[in-house]
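So, here's a batch of structures to check.
Across the two complexes that follow, subunit A remains constant while its partner is subunit B and subsequently subunit C.
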Partner chain A sequence: MSYHFGRGKSKWIPYLMLLPGLLFYFLIALGPSMATAVYSFTDATGIKGAPIRWIGLDNYREFLFMGRASVDNLAALQRTLIFCAAVTLIQFTMGLIVALLVNQKLRGTNIFRTLYFMPVILGVVIQGLMWSLFLYPLGGPAAKLLSLLGMRSEFLGGQPAEAFAWVIFIQIWANMGTTMMIFIAGLQTIPSEMYEAARIDGANSWQVFRNVTWPLLTPSVNTNLLLNIIGSLQAWQLFLVLVGYRNGTQVLGYLIYATGFGQTSGSVSSSFRQGYAAAASIILFLLVLVIGMSVQYILQRREARILG
Partner chain B sequence: MTSQTKGFRKINWSKVGSYAILILLAVLYVGPLFMLVNTSLKTMPSFMKDATSLTTSLNFENFSEAWTKANFPKYLLNSVLYTVAATTIYIITAVFVAFPIARKYIKFSGAVLTLFVIALFLPPALIPQFQLILNLGLYNNPIGYIMLFIVNPIGIVILVNYIKTVPKELDEAAALDGCGYFRFVWSIVLPLIRPAIATVVVMHSIGIWNEIIAPTIYLTNKDYYPITRGLIVFQGVYGSNWPTLAAAVLLLTLPMLVLFLVLQRYIVSGLTAGAVKG
Partner chain C sequence: MSKKMFSFLSLLVAFAILLAACSSPAATGSQTEPAAAAGGDKVTLRVLVHQNPPMVAFMETFNQKFQEKHPNITVDMSVVNANDLSTVSQTRLSANDIDVLDIFGFANGAQPYMKMVDSPNWQQLIEAGLLMDLTGQDFLKNYDENAIKDAGSYNGKVYSINLGRVIYSGIYYNKQLFEENKIAVPTTWPELAAACETFKANNIPCMTAGGKDGWPIFVGAYGLIGAMYPDQAALVEGLWNGTIKWNDAKSLEMWTKMQVYARDMMEEGASGIAGDAAPGRFASGAVAMFPGGSWYAPAIEAAQPAFDWGYIPFPGSDTAADNQYWFGKYDQGWAIASNTPNKDASVLYLKEFSDPANYQAFVDAVGFIPTQPTAKLNTKIGADIAPFLGNFRVGYEQYWIAPKGAGQFANPWASYFKPFGTDDDPKVLADKVQADLQAGLDAVK
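Let's look at the complex of A and B:
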């Protein structure tokens, strides 16, 4: 499109005014993001002025194959995949069901919608502390409920596998509202004539869902699946707030943070292994890339088949 | 029609079932919040005796204790400062990035937009970002901390899409009237794209406000802590004193809930922007 605001030198004003935003973006986001790959081949530490040496693939070799640590790393990798599968599957299904329920012409659906969406704004710290209290092992609500059934548990402080399961539960609790909202927005784009036509043809509720709602919901199905998969592969903040860096519960994201910045939050330790952490970042990135692209490929083929 | 002809006494089971599921789920969302309120009003001995019993006292001392001991005023002020400063810088620079892209007033505008979208698919910037801040001498420095949050590529995409709905004839008319580029964007475009600005501002500020990783990495001086970091540290010290800790958490939760009810529209539109189109 032609530019209207002056000629000659003043034609450069849009470029000039765009520059700060673009520079910040290169300096703080794009540049560092790409530099992660470079750092992954070095032995960089978090100490200012310390020399940085090029060590080739050593970080990757150590991460994947060397000793006890690599066994833990691979376990964390596996745990990341389990976390992703569990969160995606449950959050996606629940988000869809709840969206269908609150999208009906029922009284009070707005209240439910708002309620389920609430944790999204509270953030991980409040989410985490709220659930720490609810899961208080010495007579908290969850403990009371278990004791009625004659059981007891340490919840987040107990067996690693159990603590891990609780984090999955709270992750879903916290983010289901987002999935629901995206589904609701998708549901509202489906014209009501489509439903009426199906009803006139004598379709029952399941058939309406199967043949009208589900195919027409394809765009939000795709968005939600991708967002859930990518989001849960990278999520680890709730682990930090709920259980800390504990053996048997770490996922890749937390491992990267812990190796890069010292294991205990806040205390400055000398074990800042940032080159190594960068290599772990790249491994996580490749995982996200491969899974994300394959899912995207499958979803697009499906979309082409359904929507033509 | 059908529901009326079938008789009004017939129970609508699908309705009952829907409500049953919705209410059951609602308990999971209200429960932790209710527990928080209940605990915050208890005394420590009564919490130790029975954590779940309904409080018989209204022990507001927990709140005043949390307010002073958790250093709330200081941390809240820090959080407000970081959020306002970073969001202001971000939104002003973002509008001047988004406008010429949407209008194709710069060469390669499509490629520039792609540059912003690409960031969503690249590796995390965590480590090099730290090295950058460290070597700039801005580690453990509020300015360095604010710098981390003056970028947000999704916001640019939302703004570009919205600016495209502003009629292009407006540019021409304003230019004919002798209006300059800066003044046009600032005093004519900006008011017109207010809904999109609101969405982006709300999204961006909530992200900064709730951030916990960055303050843990970048800020070691207690005087610089935002409220999230402050709460975690407070938990470390008062971890077993749940009544006071619950009061502290609630002090932060309540304003967030009020804000949420006011701003929900913008948050939702931010989340679903472009999502439905695919």
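Let's look at the complex of A and C:
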């Protein structure tokens, strides 16, 4: 391939053109991330003008080892992993099934694609409001359905395990459309000749899926898995909108928010602890990094093995 | 295009993007207004209040009158949920995006017996220099000296004027339902329990609360804690120094009663009712009682003006004499951002609000117990509060700061019990709560 920008000084032009993007990345993404790492070693409150003291590893020690609070933090960490596993597994599987269904050449598939994708374009607050109304325990639609069976529930305000399960369900409902769209895009890149050849060879539907669709969907599978894993590890907004700060329901992302902005004690005078929240953020970042990198490594090897 | 021209254009684009990225939004927005604050120049006064429907309604009327009187000032009032007030205050103060802000009465100050505790957020804001020193302002004279000292001062300087005390240890009751079911107004715990049993037997839910917001469930039971431990400051000190434990015999009695409150007294589905909607549900006549703060009274009146209700201290003790206290806190106050470009307009706003006539209209609308000595307790709830007002005590949660390392159950919250939480054994829960607290006390030794 020839080099379009010539020689001498002009060869720097591509790098110069990259510069704004790089600077923007440093300012918007990398800068704040680095600042968070530094903050995690301080007692910063996040209040402009407040003194900031260097306290070394104290925030990490407190988060991981101090009293019962550290046990609660580790429980939140465990809950985050459960949330991630449940959301990824179900959202990925359902997204794939729905994509296969709406990728058929049948009348009305566009309507179903729109319907399945619609929750994605709603904001978290709207999603939360809709489900709060649906799950209203005093005569809401879900309560009425349950009453027909002679049962009742407090739904989001009741047992923490039930509230947690509802957040998993709503997270999947809210984001499955994205997973579906990525799979649809992947399905549409598979040449129809491949399917025709498989059918001529006598493959049944399952064999076509296993030996043609699934291997050729590898790039979409990888993208979806990574997006689902990282997205669910970092989730917190739905917890805020649907459940609030309740024992037995917090995931790490929400714990960070609640700690950083003084919403953990039930008192309106709670202190702001952004240094401590920054340490929790770094722990979450390391978790995402380790899981994300490991999954990416496995997926890349798989992709190389299948697609060469 | 020549290579030189291409290089030049690339550089230009790079610098333009760099400059756009580096420019501060604050430099282009409200920062242009400082010079316009005084005199007859146009001023937009940014005011922040927390969601409390009668207060918001009053403020809208007050703002309108204020603007008519001062046509050069436009009041831009934002309303946020009470849970979010501290977060929004902090971010908007840091961004120089607020002039006058609603701030709760100063509470949760660190006491000498507390170790390794963080300062409460109001103290953090003052220490960061974000709240204006109001010491010496004329309008302070309109307020009770003790209220200014207890709820708005720090290190000898005044940073907030507190607008009223509220009670959160009372129960609203539906007079008509009590009469129809021939139930006397309860003055002891056994009477309260018996009343609930009768109502439930007649298919009337006994109590409701705005459980969706979380805190109304446990705040409703703060009266129960108060009946057991009338000296709430001593309770907090006792918990810190170990002379009182959440699993001792007295506390166990409290937990046992809390379980009855959460499981048997509260109506099914209360966890889904929003805090703002609970007064309306009570006013609809569907439930017999509503444990809640005095600030709900105007909302109940607004929902059903003809509805006949009363307000009694939570009868948490078996002895009537122990159930004659009110527990509460200093509620809303006003503070001014120290960096406000609209200082004159902000001070003027507080001055006019503090005018005795305006203040009387405020307490009449909101139902606060006044902090201006000349103001009268004219409201309907005022008549019910007055007999026990001499027994007003600042409540537990205004003193309590949990030690670092304490677990998430280290609080006396009724919402731990089923159906709102997972616990159904008072003894097991009491041990768990004390263990969570003790872990924190041990960690900061």
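The criterion applied here is as follows: the second predicted complex is superposed on the first by the 272 of 308 C-alpha atoms of A that agree within 3 Å, B and C clash if a C-alpha of one lies under 4 Å from a C-alpha of the other, contacts with A are read in each partner's own complex, and residues count from 1 in each chain.
Note that in this section a residue touches a chain if its C-beta (ideal position, glycine included) is under 8 Å from a C-beta of that chain, and two chains touch if they have at least 3 such contacts.
These figures come from a predicted structure and were not determined experimentally.
Asks: A:G140 in the overlay: touching subunit B, subunit C, both, or neither? Say first, second, both or neither.
Replies: A:G140 sits against subunit B and subunit C alike.
Asks: Once the shared chain is lined up, is A:L27 touching subunit B (first), subunit C (second), both, or neither of them?
Replies: both
Asks: Once the structures are superposed on A, label A:G46 by its partner contacts, choosing first (subunit B), second (subunit C), both or neither.
Replies: both
Asks: Subunit B or subunit C: which reaches more residues on subunit A?
Replies: Touched residues of subunit A are more numerous for B.
Asks: In the superposed arrangement, does A:I121 touch subunit B (first), subunit C (second), both or neither?
Replies: first
Asks: Based on the superposed arrangement, let me know which partner A:L156 touches: subunit B (first), subunit C (second), both, or neither?
Replies: second
Asks: Of the partners subunit B and subunit C, which touch A:S192 in the superposed model: first, second, both, neither?
Replies: neither
Asks: Which subunit A residues are contacted by subunit C in one complex and by subunit B in the other?
Replies: Touching subunit B and subunit C on subunit A: residues 6, 10, 13, 17, 20, 24, 27-28, 46, 48, 132, 136, 138-140, 143, 261, 265-266, 268.
Asks: Quick check: in the complex, which residue numbers of subunit A touch subunit C?
Replies: Interface residues on subunit A, with respect to subunit C: 6, 9-10, 13, 16-17, 19-20, 23-24, 27-28, 45-51, 62, 66-72, 132, 135-140, 143, 152, 154-161, 244-248, 261-263, 265-273.
Asks: Under the stated contact criterion, what part of subunit C meets subunit A in this complex?
Replies: 3, 6-7, 10-11, 13-14, 17-18, 21-22, 82-83, 85-87, 90, 93-94, 104, 106-108, 118-122, 124-125, 127-130, 211-215, 218, 268-273, 397, 400, 402-411, 413, 416, 418-422, 435-436, 439-440, 442-443
Asks: Contact residues on subunit A for subunit B in the complex?
Replies: Spelled out, the residues of subunit A in touch with subunit B are 1, 3-6, 10, 13-15, 17-18, 20-22, 24-25, 27-39, 44, 46, 48, 97-98, 101-102, 104, 106, 109, 112, 114-126, 129-134, 136, 138-141, 143-144, 173, 178, 181-182, 185-186, 189, 205, 218-220, 222-223, 227, 234, 237, 240-241, 256-257, 260-261, 265-266, 268, 274, 277-278, 281-282, 284-285, 289, 292, 303.
Asks: What part of subunit B is in contact with subunit A in the complex they form?
Replies: Contact set of subunit B toward subunit A: 14-15, 18-19, 21-22, 25-26, 28-33, 35-36, 39, 50-52, 93-94, 96-97, 99-100, 103-106, 112, 115-116, 118-119, 121-132, 134-135, 139, 147-148, 150-151, 153, 156, 168, 171-172, 174-176, 179-182, 184-185, 206, 209-210, 212-213, 216-217, 220, 228, 231-233, 235, 242, 245-246, 249, 252-253, 256-257, 259-261, 264, 267-268, 271-272, 275-278.
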